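The two complexes that follow have chain A in common; it is paired with chain B in the first and with chain C in the second.
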Partner chain A sequence: MTTTSSVGQATPPSTRHTASADSPPVGSPPLRQTRDKVDPTFYWMLIPVLALFAFFITLPALVGVFFSLTNYAGYGDWKFIGLTNYVNIFKDPAVLQSYLFTFFFALTTTVVVNVVSLAIALGLNAKIKWRTGIRTVFFIPMVLSALIVSFVFNYLFSNTLPVLAERFGLTPLASSILANENLAWIAIVLVTVWQAAPGATIIYLAGLQSVPSEVYEAADLDGAGSWRQFTHLTLPLILGYLVINVILGFKGFLGTYEIIVGLTGGGPGMATQSVAMRIFSGFTGGDYSYQMANAVIYFLITLLISVIQLRLIQRRGVSL
Partner chain B sequence: MTASTAQPHSASAANDRRQAPMRGPLVRRSSREGFKVNWWLTALMLVASLTILLPLYFTVAMALKSADQIGTGTGLAWPLPMNWNNFAEAYVATNFPKAFLSTAFVTVFSVLGALASSSLVAYAIVRNWHRKFFRGSFVYLLSAMFIPFPVIILPLIKQTALLGLDNPGGVIFLHVLGGISFNTLLYIAFVRSIPVELEESARMDGATTWQVFRKIIFPLLAPMNATVGIFAFLGSWNDFLLPQMMIADPALQTLPVVQMLFQGEFNTDYSLAFASYLMAMAPTLVVYILAQRWVLSGVMRGAVK
Partner chain C sequence: MTAVLPSRRLLLKAAGISCTAALLPLSACATSSPAQQKGVTQLRFMQNKPEVVAYFNQVIKDFEALNPDIHVVQDFNEGNFVPSLVRNDPPDVVTRGFAQATADFTRKGVFADLSDLPSAATIDPKVQALVNSWGQYKGETSAIPFSLAGAGVIYNRDIFAQNGVAVPTTWDEFLAACEIFGAAGITPIYGTFKDTWTLQQGAFDYVTGGTVDVEDFFARLYAEGADIREDAPESFSSNFGPALPKILQLTAFTQTGASSKNYADGNAAFGRGQAAMYLQGPWALSELVKANKNIQLGTFPLPATNNPADTKARVNVDMALSITRNTPNRAAAERFVNYLLEPSVVNTFNEKNAAFSPLMNAPAVGNPQISGLAAYVAEGRYYQGAGTYFPPSVPLGNYIQSFVYNRNAGQFLRDLDAEWRRVAERTAV
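Right, the complex of A and B next:
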């Protein structure tokens, strides 16, 4: 009864009088476990989105796994070659190098971002003058395009900094660090921190504001100094927020792309090429299926990391 | 997804504090030392804020320089006279109006799509939580958060190209679907806090589920709409990866991608490039400065969820 009538009229305006006519007042669609019948409208709300999601997100993932077992170059004929791509990846120094760089970068950046943003959050949460203004400034990077920001920093690193260094006689810095394969990663970490710190700061700020002030009053009465208050009270109380920042941050930094494109383009040589950049190169490089195998491995690694992180959280009993 | 690093977490810690954040000094532990301002810390924070302000100043200064003024200097000096002409030239060189419109088109519909789809999905799931199908759908949508974007991008580009979606329209689809896991999660926590009784009286009067959603639920979601809208706006406006890879026609490219124009090997016209960067950054920057309290409280709401 009600089923057919509302299925046929998914568009809101037309359902108005018909639905009210044939659904008796008492039997309006179930909200809790009162009846077994679901109001079909709920299916109309959910299923189109699910279908699109399956088609645009899940399907490409499956197609990718499929082609990782072939020798498809991105065009033309292909045939199954089993796990050959996977075997080759483990023997490919360029791929290994990109994984090493990506993990090293993600770890370093996660640590720096969290230290910096916790410090900023503590500063913003303390009794400082012009708090609103200072807060506004610190969150600016959040609204800017990472790519454009990197272009700006690119000029600063490759022109401004060397000129300044020369002026002050700091010869080691007199050439662009972006062109130095041992130092280029530092620039990428710095810009990533610049760009990502506000997001983490907001989470820490939320954490700091969830700590009731009575806790600090009690600590003050006991004569605990600021550092002791920080390590013994604040830190344990916001541990959940720290965990979240570390997990989200690490996962995000593993997929780093735009900032590297804007700063070094993966160079010099391949010194700063991230896994994501390697995979994207399969789009133009004619090694489509090979990079798909790379992508599958990348997925398994990130999945493994997520599982480990979740386990650790559960074990330590951090309440989120 | 591509908005990645700035995303807040989804845990439900401190839910009860939802109202408190960003209310100014009132909620802070101001009673601790009275209202004494910590001047040392203030000075430290001001100095630290230069790390943000200097690059921005530098961008403005560079955008106003002529090629001669840039020369071989640091680029930090303020140019006199200022060369406003750069903006006009950059406007033409990047075909700014077209890129702007394309970006705005993608952003507006991504935001609308994100609001509509994830609020509907969240509502349907919460109100049918006891049903396997809806709970399963929730887990399915959520599982996408574990799939890194690089994993699906290559097949995805092929697929969208086959369907004729290698244009801004396709980017909108992907922005909405890519953000749906996270946005639904935000909405679900909020919908749960809306008592069913509110709907029941409307249903007694014969309102359909659609009407209940439009007239009662969606308006009540207003704070979360703001949060989801802000994230969708920033993620969409600033996205580089998807437009760069998906949009086939260069004339329809979005603002961030257009800036690649200045990265050519033989390009040394930095004043033009910086004028263009500034014009691409200005819209979000201006909106943020004007509505900063509103934007920050919205983002904060996402953070405590």
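Right, the complex of A and C next:
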């Protein structure tokens, strides 16, 4: 009994395997069953999940959209103010700056993560010594909480690194880069890449393992060097995995929050405020409805990006 | 083979039903209420200082012994307050630090009127005025002060004595003291710029509080509403300009690498005697003693001008007692508040926590750590920090940090004016 599909449930084992390939046997019950009547069990499995999703995700989101049209502070009296919050968002340089920073950060990090993790995956896929052990080491960052990782790095950047730099006479590095408005983003990108690369590496490894070795043997016979093999064979063959990594990564980095909180708290000054941090500040700052409007705008932007990305994926023939 | 199929379907069905069943307790717990003993009123008391839980546990025990018909439950997670308001189930008695953030609750009528309580008459009117200055709801008394924290420059008495430096009374004397420490190889002021709030409550609040009439400034600014322009007489640009160079003079006397130190680093370092002065409030004192139990500490208000008569201490109402308006246990809550404001309770608390009692007949402060502020507090020569007047949606600490790093005063003032105008615009509609 190995079947997992409902279609073949009542079909005798002898006909089950041929049913999909040949024309269905006359008067076979399974097809009529799928066309006319779906086993109610599947609805019973879906409804609780749907109810939970609607109650805990959809409903709060709609409440948030509703309050974005008011001047509600999170408590007390409120009244409708139409689209005023939305208009004010576009006039607020602090919010606009957080959008610029977030997109800049997401783009940079996506590029760096994919370059780094592809390089790691290529290395881990080669016939190296202790391959399993080294792979395990490379995946450790994935199981650590981002907040803890960023607090540890915060300590390293603020205390350990300046002390080391001073000892070796590297004066420009003697003050923490977290305290430098122009450099703090580098630390954030670095820690994010450290944390996100293993996940991308796993996907690339899966991709690399799916490339048959005969392809490389043929390329070797034709005299292609390793760089040509990489650009003309490996890369096109794992393009689907690259697309998935870029899309998932970019989407995730747009919502960046805890690593920034742990490293800089949005500072120094206002240099590293992400959109998610701005939105969350509305809960504590009595700015609830204003930041709800911000959240709605951000939702629409990410929705638009997702739709464009899905179109691109479909054109490439990759499915998530 | 086919005999297996029904049982599988049954299994799926069972899984579906158990999923739905898992939802039921969620809706059930919303309606259940804690079982109450007959005749005993349960009060929920939310206080805002997790470090004094033990003291209030003792106070509650004593209170319950005198009032067996009341049971008080202490909650020290202030973060629950707004959610409890949203759920319309706030605690009965609340303590809060009084500043702009709390003023909004007052103005929206969240708290009951306490002006008729007998204990309200025992409070120093100057301290009550500090609470009321944040706005009142229909002229009511929404909160009664419980603890007044006085903040200034914490100094290491031993380092001062070893270098023959007396407590400065003018700005020039203060700078001269910093020079002496610097020449002796001692860090004059320990800076913790990584935590933006320490810059805000220290250098920013102390210098502006000593040079600008903060209360009057913000009263005029709030009255102006959203129509504030940079060149208006009420703007930050027109009032805070002279104070800003002094903030930079002050922060220049901190150790190198102050920008990568936080509050905890500062407490440890100052406790070990790595600097002569530390711009922190009384909340840091116990941490400093924890780092070094032999440290001899004192506090003086920062003299921000060369006229000693201008010098004032920074105070904040660290805890004020309120009763929420819709509580069903009003009488019991009033009895509890009156008990908390009995001299033995309120004075002991403030003595233990290096704070000032708000009572009219409070005993003189003997604690050498804060005695340098006592005369200023007794005479009412104090201000509430400029930073506390900002709505919480203005990231003031980040702006101050930017200013200290980039030393661009014009940009800082323009940012403050613009940010203030935007917040006023969207909260006034």
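Worth pointing out:
By definition in this document, the second predicted complex is superposed on the first by the 275 of 320 C-alpha atoms of A that agree within 3 Å, B and C clash if a C-alpha of one lies under 4 Å from a C-alpha of the other, contacts with A are read in each partner's own complex, and residues count from 1 in each chain.
To be clear about the criterion, contacts are C-beta pairs under 8 Å (C-beta built on N, C-alpha and C of every residue); 3 or more make two chains touch, one makes a residue touch a chain.
What you are looking at is a predicted structure, and each value in this text was computed from that prediction instead of being measured.
Once chain A of one complex is fitted onto chain A of the other, the partner contacts of A:253 are limited to chain B, with no touch recorded for chain C. After overlaying the two complexes on the shared chain, residue contacts for A:266 are found with chain C alone; chain B is out of touch.
In the superposed pair of complexes, A:41 makes contact with chain B and with chain C alike. Of the two partners chain B and chain C, more residues of chain A are touched by B.
By the document's definition of touching, both partners, chain B and chain C, reach A:52. Once the two complexes are overlaid on the shared chain, A:173 sits clear of chain B and of chain C alike.
When both complexes are overlaid on chain A, the residue A:71 reaches chain C alone and has no touch with chain B.
Contacts of A:183 after superposition on the shared chain: neither chain B nor chain C is touched. Touch criterion met: A:203 reaches chain B, while chain C stays clear of it.
In the superposed model, A:239 lies in contact with neither chain B nor chain C. On chain A, the surface touched by chain B in one complex and the surface touched by chain C in the other have residues 39, 41-43, 45, 49, 52, 159, 282-283 in common.
On the chain A side of its complex with chain C, the touching residues are 1, 9-10, 13, 39, 41-45, 47-49, 51-52, 71, 73-77, 81, 84-85, 88, 91-94, 157-159, 162, 174-176, 178-179, 181, 265-270, 273, 281-287, 290.
By the touch rule above, chain C contacts chain A in their complex via residues 1-2, 4-5, 9, 12-13, 15-17, 19-20, 22-23, 82, 85-86, 101, 104-105, 108-110, 193-194, 196, 256-257, 259-262, 391-393, 395, 398-399, 401-402, 405-406, 418-419, 422-423, 425-427, 429.
Of all the residues in chain B, the ones that touch chain A in their complex are 4-9, 11-14, 17, 20-21, 24-25, 27-33, 35-39, 41-42, 44-46, 48-49, 51-53, 55-56, 58-59, 62, 72-76, 117, 120-121, 123-125, 127-128, 130-131, 134, 137, 140-141, 144, 146-160, 173-174, 177-178, 180, 196, 199-200, 203-204, 206-211, 213-214, 234, 237-238, 240-241, 245, 255-256, 259, 262-263, 270, 273-274, 277, 280-281, 284-285, 287-289, 292-293, 295-296, 299-300, 303-304. Considering their complex, residues 6, 12, 15-16, 19-20, 23, 25, 28-29, 31-33, 38-39, 41-43, 45-46, 49-50, 52-53, 56-61, 63-64, 67, 113, 120, 123-132, 134-149, 151-153, 155-156, 159-160, 163-164, 192, 194-196, 198-200, 202-203, 205-207, 209-210, 213, 216-217, 220, 240-241, 244-245, 247-249, 251-255, 257-258, 261, 275-276, 279-280, 282-283, 288, 291-292, 295-296, 298-299, 302-303, 306, 319-320 of chain A touch chain B.
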